[in-house]
Amino acid sequence: MSATSDAHVSGLAAELEPQLVAWRRDFHRHPEPGFGEFRTAAALVRELTALGYDVRLGEEAMDPAARYFVHEDRVAASWERAREEVEPQLLERMAGGLTAVVAELRASDGPTVALRVDTDALPVTESGDPDHRPAAEGFASSRPGFMHACGHDGHMAIGLGVATVLARLRPSLHGTVRLLFQPAEEGTLGGAAAIAARGYVDDVDALLSVHLGLGAQSGEVWSRALFLATSKYRVEFHGTAAHVTNSPETGRNALLAAAQTALALHALPASSRGWYNLNVGVLHAGEEQGVTPRHATMELGFWAENDEVHDWVDARVQEVVAGTAAAFGCGVDVRLIGRAPTCAQDGELAALVRDAAGAVAGFDRVDDVILCRAGEDACHLIKRATETGGRGVYVLVGSDLASGHHTSTFDFDEASLVRGTALVAETARRILSPG
Amino acid sequence: MSATSDAHVSGLAAELEPQLVAWRRDFHRHPEPGFGEFRTAAALVRELTALGYDVRLGEEAMDPAARYFVHEDRVAASWERAREEVEPQLLERMAGGLTAVVAELRASDGPTVALRVDTDALPVTESGDPDHRPAAEGFASSRPGFMHACGHDGHMAIGLGVATVLARLRPSLHGTVRLLFQPAEEGTLGGAAAIAARGYVDDVDALLSVHLGLGAQSGEVWSRALFLATSKYRVEFHGTAAHVTNSPETGRNALLAAAQTALALHALPASSRGWYNLNVGVLHAGEEQGVTPRHATMELGFWAENDEVHDWVDARVQEVVAGTAAAFGCGVDVRLIGRAPTCAQDGELAALVRDAAGAVAGFDRVDDVILCRAGEDACHLIKRATETGGRGVYVLVGSDLASGHHTSTFDFDEASLVRGTALVAETARRILSPG
Amino acid sequence: MSATSDAHVSGLAAELEPQLVAWRRDFHRHPEPGFGEFRTAAALVRELTALGYDVRLGEEAMDPAARYFVHEDRVAASWERAREEVEPQLLERMAGGLTAVVAELRASDGPTVALRVDTDALPVTESGDPDHRPAAEGFASSRPGFMHACGHDGHMAIGLGVATVLARLRPSLHGTVRLLFQPAEEGTLGGAAAIAARGYVDDVDALLSVHLGLGAQSGEVWSRALFLATSKYRVEFHGTAAHVTNSPETGRNALLAAAQTALALHALPASSRGWYNLNVGVLHAGEEQGVTPRHATMELGFWAENDEVHDWVDARVQEVVAGTAAAFGCGVDVRLIGRAPTCAQDGELAALVRDAAGAVAGFDRVDDVILCRAGEDACHLIKRATETGGRGVYVLVGSDLASGHHTSTFDFDEASLVRGTALVAETARRILSPG
Amino acid sequence: MSATSDAHVSGLAAELEPQLVAWRRDFHRHPEPGFGEFRTAAALVRELTALGYDVRLGEEAMDPAARYFVHEDRVAASWERAREEVEPQLLERMAGGLTAVVAELRASDGPTVALRVDTDALPVTESGDPDHRPAAEGFASSRPGFMHACGHDGHMAIGLGVATVLARLRPSLHGTVRLLFQPAEEGTLGGAAAIAARGYVDDVDALLSVHLGLGAQSGEVWSRALFLATSKYRVEFHGTAAHVTNSPETGRNALLAAAQTALALHALPASSRGWYNLNVGVLHAGEEQGVTPRHATMELGFWAENDEVHDWVDARVQEVVAGTAAAFGCGVDVRLIGRAPTCAQDGELAALVRDAAGAVAGFDRVDDVILCRAGEDACHLIKRATETGGRGVYVLVGSDLASGHHTSTFDFDEASLVRGTALVAETARRILSPG
């Protein structure tokens, strides 16, 4: 039997509640876009350092080249703003959007437990409606056009809460605690892939990821949330403009190339190997009626039940795009702008989470597997951890929501913060406590 | 033999040159969009009234309902600006974009000769390059985003010049001079149709329209410039958004409806009855990758060698759009936003123009027919004049250009203003001089 | 305990083996197409009558109007051939393709047990290869172009075997045995629907359907084979021919209408409510290069995991076809040529089948549910039986195959005939034996 | 002044009328397909040899490799039939479809005049209606499925007539007469190209081609019939079959590849360089509803006002086909199956023809240029003749028709045979008569 008890962990988490809420609200007030989480990362570094963690930032924490896409303009704007808020020596290490933070606490020899937390906000303008609690209580976004509308502010609060609890338990722990604060989860632009590329999950024994809400109510917990594999592309067709009465024969029509590509992509057959759907969600082409459209931009995504189906769709997308562009004499650029695989999740670790949930105050429903019809960047990390011999699960901590994820009036039940903190910390404690 | 000679007309025009240039440059400095030519029309009204013409404006001059399309936002912005420049009693008569000006000088019984002049500018931002003469000499556009980039400023100068010359010749003229200053020629939004609908060409014996440039050099003149029939449409497809993984089956895909419409329209066969081309020039659809596109906007135009082919294409466009939208379960709005027919032009009147050109100083090449691969709003007027028993021609007065029509560095040879004025005035004089 | 034992049933079936094989080979030698099973039905009528069954044929056994499609030419050719083989009084009752046979044996009051058997062959030319057993042993198809390549010959042998065994057990049975020999299962042209429409399953307590093979090996049995809902359509587009150089504008292009329809159908989105796939399998259009194609014929099918998804696809197909035909100015005929729903299958009856299988010699694997990725006409009957208060299952009796279903070298393991007969007869015996 | 007069030529032709009619009817009774004109060529060889001409056949007369396409099965069937009708030593020289006949009569030094005549029939079944004169008078086609439905039988009669007249005039002629009897004009499969490739028009001073009918009435003649450039392709798409429910993801859909190719080809823009039309006239794809179509065959043609536009379309066709096939993962074979260019025709030679027509009995309308909206194989020869320094014209000899070309009741006015013979012979006589 370990020196600390689960009741103790639950109590530590409960004591942290005011701090958890304060962290969450500070992050909520200062949302930043993917790879533009400069102020956010700086705050995390300060807190974690103060807790005694060994903290890595920037190129040490992530491989820039492993990212899928960087919204350069958003990152640049966030950088400008951060210059007024972040100390230069910290900020410079994040130049170009290297906003991952990896923090480690080594207690002794023993297993390594990691928690992955996502840190980016969404390009959503937050509601100012007095019925919207963040607005009413003064912690709504101070950055027009961006909002923590998915709960990552809460995830970070839980991450810091777990860091705090485990730091206090350090003397009784055997092994290592690692916290992975990843940028750019939304759209799965590759923050997770960039951290995985630095090897931070290769030696992990148990990797936890945690998410609030997603349809689960306060007091509910699922030990394994499964996701769809997904990829997103931006495709640019480059044709040749021509005056449509003087010399139409000299034009190469990028609009028609894109139109036919959209149809051909949607016309891919169903697969017997699993469900998927593909959507060309955006198409912009041409400039005026009298000119052959010389340019078309298409954004598409697909979501598949498993990686095999994902990879099959992916191969077909390349083929359709290249062939159709050639058919219309157009050049084409295909840019991957987001990707996430599925990931197998470990049954034993999931059982351990459920056991831990049973020992934490506040959970009235504990279940195992739930399917979320969306992609998740964390799958990069869980998949890599599994491939390198570890275990991983994606834990869904229920939370009553004011409105759906990604909406301007999104808000969650802050009581979930204590429960989430306690659940993760207790699970880690059990793993790091010698038999 | 008439009391005035052609030499006299040429001389009067030459004397006017400083005034012609001044008028042109004033108009050039103050470009206004189609149906937003408030300051322009007010200036014309003042000049023509001063010359003794009976001037009509607003609802008297045009039928608002006969217009094809009004860019409400552009007109509103132009209106706001005009409130600071135009006396209220004039401006109010043009409320809603009724910017046609019809001016008449009745000398005595006799035939009616009309000149049609277009008054609108283009949504082009003028170059500020010092090599661009309007910029160098200080008469470039004062209105960002708009420019007289097609020569209508010159046409108006010629119109006022003709009005001036013929007013001076009034004692020796037998008949009526009518000047039709029409808004909204560009895109053929229907300024001409709106004037025609008020009957202003029904009693005209000879209708002249004049254009500078269009590929003809200074000193050249064509008595008949033929144009293509054209129509332009904006098509809006209304589908149903759906989350593409949670409930894709509830979506109705406006992007695919538009894509297939574009292909079907371009796939219409050639016609044995004459050349035409159709172009879907613009397509915007969808908002994000994860949502079934619920909205698509398409802009298309077609240009045909004759009205028969135009009308056949037009019927097929309606059919394709309605059918394809229905195939995808989408609603659809088809909005005509521009139209012009072809027009037969009278050989005798053309010969008269060429004879007059021979009597005017400065023309070194006089020719009859030239095909312009574009649509022209004036065809509404010439066609109507012909149908009601009159004659009409579209005269092309050559002018060396700094760069092509509709470009930001467009500029013409101002020496053409005297030649154009003299040619039209001399032609009118001959018609209005008794046997 | 019942008067007869399961061992007894197994023994009766085993004794029948030579007869079962003889029946099967006779049917195999004389394959007939859907609704053209004239000789087949006549043979069934004779055997069943001889066994003491009350036999119905023609309009008594089926509702002609409930069929989906009749290949008139195939039926006519089969009719011509049958005139030499079938006594006129029997044949005349089947005029027009009314080839269903319903046979009933009423033992006493009690429940009604029904067995459905399909009787049609496929438009496949049988292999003459000496490695192909039917060829080697002289019972290959005598009708070029048709072959029992799916095992319906075996199903009929089992049906007659069951009829024989149950007739022998009659004294000890309480209730009614009904045999439904249905035409036109292949392509699901509606033989089952036509029998259902006469009410023959409305009063059934237990409905069994049996199939050999389908991937299951000899000795295996599944008590519930689930199928996909399916519909098949033939679509004819009627355009207008035109000489493509003299008057292309007068044509209406049925080929392009069909091409765009095919693309739009394949581009329907995935459904969150279940898996489906749609296939435009055949397209024939046009006659020569110099003429606008005036005619196009398309054959398409779709297969869905459940009826909800099937019905959604069905509605979209109508919409796409009608809209696209209209877009191209074509008329269109949409002809349903095959359909089958899914059907819920009863767990208790399935358990009874598995229990019976345990009591029959020769089964070494007994399982419950298997998904077959195909449509099945029997679902009409099972669905109707369930809706009217009965129970139904589709039993899969494994059989080693020489090659896949629907191939020219298809052949099954005749040892399965005894096992299938015994299983069905034993299941029926248990139901018809008083508690 | 020449030794023979035009009146003399007219008289010689008139005397030949019974023979001309006999030749024509014999050819009409024995129609043969392109490159299968074995009996036809043999008859020509016999007649021309008897007239004293130096006759070449088979490989001497044509280059087999220059042909565009050979309908192997039609040629083989024609060959089988010819074995019963043609002496082996002649037939063998035509093995493989080498059915061109080149005949030359060298009178003395002097210019070379050539006449090109086409010899193939059409795959049309001739009407047996008693109102159809060939049927009523017993000279209808004896070969089911083939018919001289375009007048080539008449052209051959004229060719032999011209050969006869000029042979009689030989003593007074200065120069060489060459007759080019070309196979496979219909569909422009390349009979002309194969003769041109042997150099037979390189030294020709005046090349005449003659056609009856084509909309011109008896008594009318046009000295220059202009044609469209054309190419025809057969495109085969090779996909991969797949069971559409078991493994749809393994299929490569040739039907959709073809559908999208058809749309993309029809969607090519109009050209400012001249009129053209493209037609995908035939599409056959797929075999059954349940299988991904693995094969699609498309036949397409295009017809252009000039070679520049033809070549532009041709390049785009290759591009569209290759790209679209690749987009769908299909292999593709593109087979050119017919081609003809346009050809410039000489004004002086045309004037000479018209002069000659004025001197021939029976022409009441003599005109210069007419546009025929079709392709013509003779353009290969006229174009080559022109490129190598000669002159050429395509003469249209009017003839009242019973019904349109290529129909089953086509028949022409046999009185045109004398007129056509006289016109060509008289034109040749004038060229070959010394100043």
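For the reader, a short list of remarks on this structure follows.
For clarity, chains are labelled A, B, C and D in written order, and residue numbers in each chain start from 1.
The rule is short, and it goes like this: contacts are C-beta pairs under 8 Å (C-beta built on N, C-alpha and C of every residue); 3 or more make two chains touch, one makes a residue touch a chain.
Predicted model only: the values in this text are computed from it and were never measured.
Looking at the partners of chain B and chain D together, the chains they share are A, C. Comparing the centres of all chains, each the average of its CA atoms, the largest separation from chain A belongs to D. Mean C-alpha positions place chain C and chain D at a centre distance of 55 Å. For the pair chain A and chain D, the distance between C-alpha centroids works out to 70 Å.
Look at where the CA atoms of chain A average out and do the same for chain C: the two points lie 51 Å apart.
Contact of a single residue of chain D with at least two other chains is seen at positions 244-246, 248, 253, 256, 260, 263-264, 266-267, 269-270, 272, 277, 279, 292, 373. Those residues of chain B lying in contact with chain D across their complex are 263-264, 266-270, 272, 275-277, 279, 373. Within the complex formed with chain B, the chain C residues making contact are 242, 244-249, 251, 253, 256, 260-261, 263-264, 267, 269-273, 292, 309, 312, 316, 319-329. The part of chain A that touches chain B in the complex is made up of residues 228, 232, 243-246, 248, 253, 255-256, 258-260, 262-263, 266, 277, 279-293, 296, 299-301, 303, 373-374.
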